[in-house]
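What follows is a group of structures, each given as structure tokens.
Below, chain A partners chain B and then partners chain C, in two separate complexes.
Coming up: the complex of A and B.
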């Protein structure tokens, strides 16, 4: 019997149908697709992961459906979550706690907390206390400038993770199974790279709102279904081309952990900006190249992490001038005209880097604006105003 | 020669201007039309007014369709420009000496300071309250049973203006009802409303730094009573030590945003768009 993903790949779906399907998954805070997968796969487990990077291949090889946990956005009223965090802490952890305390994450047998910041680390501690039956792992990714030591450390961590997850699922994967999962996620990453490349070339054909919904759906769907859905989207984009507009091209920076509400992305686009690069859902693009399928699979995965080209606030930057160059390089690569620093309120990693990044951009003559948001921001007029005047200034007074 | 259209979709009306640039840097409007929305579907009104303006202009081709206001979704738009940008640019076209524009729209009022090229330097807006908006004045006129066209002339005949609340539209409307029951004349009530609004506008303008006259745009620019009240309010501020401000407007002031959008479109077309949509593609 064909899976839903195979069906999506075979039928010529309209763009609206693909986007509606992705939006339905995005809107569903009860993770219906995950629960459905569990019902259809007796013995299967669901494993959650917080932003930014988690080794989904390891979860998958151990029999888990990897599930991205990004909070409830602007669709969840926080009642219990506020009791766990002070008002000067970002919105994401209280929203994740709210999801969990309301039973919406009770299908997860494991949750991985990457070392994004102290808040995420503390959230892992809370999870251990609140949910002792769930496997909880704080993932300390390597930050050392010595690549050899970093690969050794990270490969060891991945082996331990595979053993632990194998204990939970009752299935510790062999090398071939790990390679199969790595190959599958190589395909996922290749698809994401294709989507980003098409958007960069024709942003009017791939609005970021639609791209974002697809990627969010991909963090709940089985990887094969995501690839089929994305393939259907790309086919629909070719079949239903749109007319370009005279918009400015911008890079959005700072939204790698707590995700912006969809309305914010829409507001920026409606204000006359084509988003041609961003760091939304960055975990999808954390490994910038395919992971080799020969040799020790976990070591290959570790090496791919250490040797990737991704520069982000959650990784140590060896070169002291690297962050000052970063915006210039990203803007040039994306053929962009300006940078919008859209940062979650109280996001330490993003806000600590922002002065360096902005100074580097301004030194290079790149126009910038900055604003802060929370995942539940509901008023977008101020963002629209800022993005609109920014776009105008680029088009009328800048290089565009 | 380049031809552009500017479409300003406001909350109360749609304004469309078709402009021509004759290659010598001289820009001139070929047609300008507006229509009240009046609970109709905005997209339909915009499409109708646009088509009527194109027909009236007699041109075969529009090189750039520029939208502003709430017009982002206009299907044949080439580009969109923000309201502050277009009102600043349009005000300078209609009054080259202007240093600021006061855009009195249906739902809010915005004071924008600009440089001589039309670049926005600073701006201030009325807050969420509707008491500084054209819609508020329209509501008051409806309570008083006068048409919008009569408001200005009636206000100018006032002898003992009655002040209304300048803080809250709800309180102001209650004030007006009380005045009517106390037998205050329509002229005095309207002048009081004008003065209340003008006080707010004067505060907005005095919070900005600019040189040159204030250009009043939007639907209320043709309201002589409002302009007189604004001049009085600014003169009072000047008497108290603030910088004196000249208030100017233009018969086409309601089209300021649409004119600005059309001019921005001409600029973009001449800069990049000759015969293609190259501006939207990534450089090779």
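Coming up: the complex of A and C.
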């Protein structure tokens, strides 16, 4: 039976139609697509996860539709959320609380809180108190550099999660179901990698605004529908090529948790920067390689996490020179000219990493700028000016 | 005499710290190995069992704060590109290092031979030692202590910690010190730890008395200093806590209160429980705002960041590595929010507090994120309204004395009004 997504893929949608569909999902803070899925799948459940990395395969195999909870951006008025957080804490948790307290997350039967930082960690405890009927799990990923201990620990955590989620949904998955879910998310990651590769190659054809909307849609859509929508997008890109401009190529770093408002992404692009790599919504491509489908599926998933070569602020960097090298490597891989450190205000992981990352970039002669945003920042003039000057200086001084 | 005995514990502590820092300063010459680690989840007995000296950057930072040096260090770190938004302990430490690494006591601090990253209850720790590793280019060992997300230490988490201790931490210490792991030696340290912990708990629980012979926050941050830093498991530590306990017992027997910046506080009008770390840059002024009002803190959560002993945990020499894992897991900031709320509620009841106060520090998401919810939950469960104030640890820019004083005065008036209401 074809899903709606597959139908959409076959209908050769225009670029505008795909982007409009994705934008509609992004704008909908009531998670209409999730509610619709629940209505169409009477035994199904919805399971939320916060940034950055959550094992969506496990949710999926247990009968949940995985739903990324990324705050309300600039589209949500904060009425209740501010009563939960002091002014010196980032914006994300207050908008997540606002979404929840206004009933917009009442379709979630489970919420996973990854070990991204202490704010999200503590939010897990708040959720337990606020929503005692919802399954809440703090997802403490392994940080030890010993791969054996890390895999054993993480496989144990995944088994526990599968058991618990199975209890909630009434469906504890067998190995084959787990493998199917893993295979499906391998496909999702492969699709995300393809989108990133095409953008890197032809950023004029894949503006980050569009890519971003598509990926945001993927945080609420069933995986098959996301893949179909993304396929439709890629087909439309081929059918409607655009002309390159004389823009600078930049990597955005630091925006892996609280997401920048769309206006900020647009401002950077309109200021003459092609974003050729970024860490927006990093969880959707956290695992950089396919998870093998043989053997014990949860161990395979655990091993894939441990053997991964994702370097991010939320994982311990084993290599003492790793932080220094990271920007140089990413810039080289993306054929970029410069780095924009765009970090949420008060974001510990991004801001504590920044001096190390920036020093490494500057040692390698890579131009950098840095600014802070909040998900609800409304004024983009200053970002546009900074990014514009940055782009001009790159072009002028020949880094391009 | 009470005053003589009080002087004895203070003098002892001063002497212990001075000796320790002198040894640290001389370490490059004596060849003693230096291991930097953090207060929560510190593995002092293990480090000591290898004959190495622990050093705790948070303690240096807070002492720099008390000695009014932290503002310059923070400015130095911010000039070097560290964000104004992050933990000021880290910036104070980095600024101090960049300014010549002269410790708060005036002695030169040695470089670490090993950074023991006991990743317990605070995300910032990971970044702090990644930053220091770049500066010192020395070996670093990560010890991941899983968070008690569900409010308990899960058996698999304990096994994971034990494995890391055996396969990562101990080999790293063996390599750096050139000594073999000696479990019997570790046990001897643990025996001493448990003895000191017994005495510390007796001191902490004296806060239940009326008048309280201790201040469970301002005074107790001094009391926990040795056990939270380099002296758990040492003879000096045992001696210090014995002396301290005698002193407190004697004050209790005489019906005396603690000595505050205003002198002895015997006539205590308010009994409070406090959550959150203190401000260090204006520590005495802050304390004075309480003692001026004859308010005594009977219990606090901050004094459990380096170990929670008052609910029964003691280091157990019968299970040397297991007990270290249990200890780390139980440090206050490794407990989930519901457990923290339970602890506060329990303190309010058991210590018969009239009120509770949260000092929310800008630096610390580990403590601060969720404190407004803690406030409401504790209010709901105890029926006692709480007070909420904001400051910072060691950044003098974020201590607004007038604001805090106003808040506290109104809070005490509110407690008075409630009392009147009850008796009316």
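Here is the rule we go by: the second predicted complex is superposed on the first by the 398 of 400 C-alpha atoms of A that agree within 3 Å, B and C clash if a C-alpha of one lies under 4 Å from a C-alpha of the other, contacts with A are read in each partner's own complex, and residues count from 1 in each chain.
We take it that a contact is a pair of C-beta atoms (placed from the backbone, for glycine too) under 8 Å apart; a residue touches a chain by one contact, two chains touch by 3 or more.
Nothing here was measured: the structure is a model prediction, and the numbers come from that model.
Chemist: Is this a clash or a fit when chain B and chain C both end up on chain A?
Modeler: Aligned on chain A, chain B and chain C fit with no clash.
Chemist: Please indicate which partner A:396 is in contact with in the superposed arrangement: first for chain B, second for chain C, both, or neither.
Modeler: In the superposition, A:396 contacts chain B only.
Chemist: Tell me which of chain B and chain C touches more residues of chain A.
Modeler: Looking at chain B versus chain C, the one contacting more residues of chain A is C.
Chemist: In the superposed arrangement, does A:270 touch chain B (first), chain C (second), both or neither?
Modeler: first
Chemist: With the two structures laid over each other on chain A, which partner does A:201 touch: chain B (first), chain C (second), both, or neither?
Modeler: So A:201 only meets chain B here.
Chemist: Output check: A:89 vs chain B and chain C. Expected answer is one of first, second, both, neither. What do you get?
Modeler: The answer is second: A:89 touches chain C but not chain B.
Chemist: On the chain A superposition, what angle, as a multiple of 10 degrees, is formed at chain A by the C-alpha centres of chain B and chain C?
Modeler: 100
Chemist: Just the number, please: smallest Cα separation between chain B and chain C in the overlaid arrangement, in Å.
Modeler: Between chain B and chain C, the shortest C-alpha distance works out to 20 Å.
Chemist: Please name which positions on chain A make contact with chain B in the complex.
Modeler: On the chain A side, the touching residues are 200-204, 243-247, 249, 270-272, 274, 276, 335, 385, 388-389, 391-393, 395-397, 400.
Chemist: Once bound in the complex, which stretches of chain C touch chain A?
Modeler: By the definition above, chain C touches chain A via 80-83, 85-87, 90, 117, 119, 122-124, 126-128, 130-131, 133-134, 137, 140, 142-144, 146-147, 149-150, 156-157, 160, 163-164, 167-168, 336-341, 360, 362, 365-366, 368-373, 377, 390.
Chemist: Sort out for me which residues of chain B touch chain A in the complex.
Modeler: For this pair, the touching residues of chain B are 64, 72-73, 77-82, 84-85, 119-120, 264, 267-268, 272-273, 277, 279-283.
Chemist: How about chain A: which of its residues touch chain C in the complex?
Modeler: Listed in rising order, the residues of chain A that touch chain C are 83-86, 88-89, 93, 113, 115, 117-119, 121-126, 128-130, 137-138, 140, 142-146, 148-149, 152-153, 156-157, 160, 313, 316-318, 320, 323-324, 345-349, 351-356, 358-359, 372.
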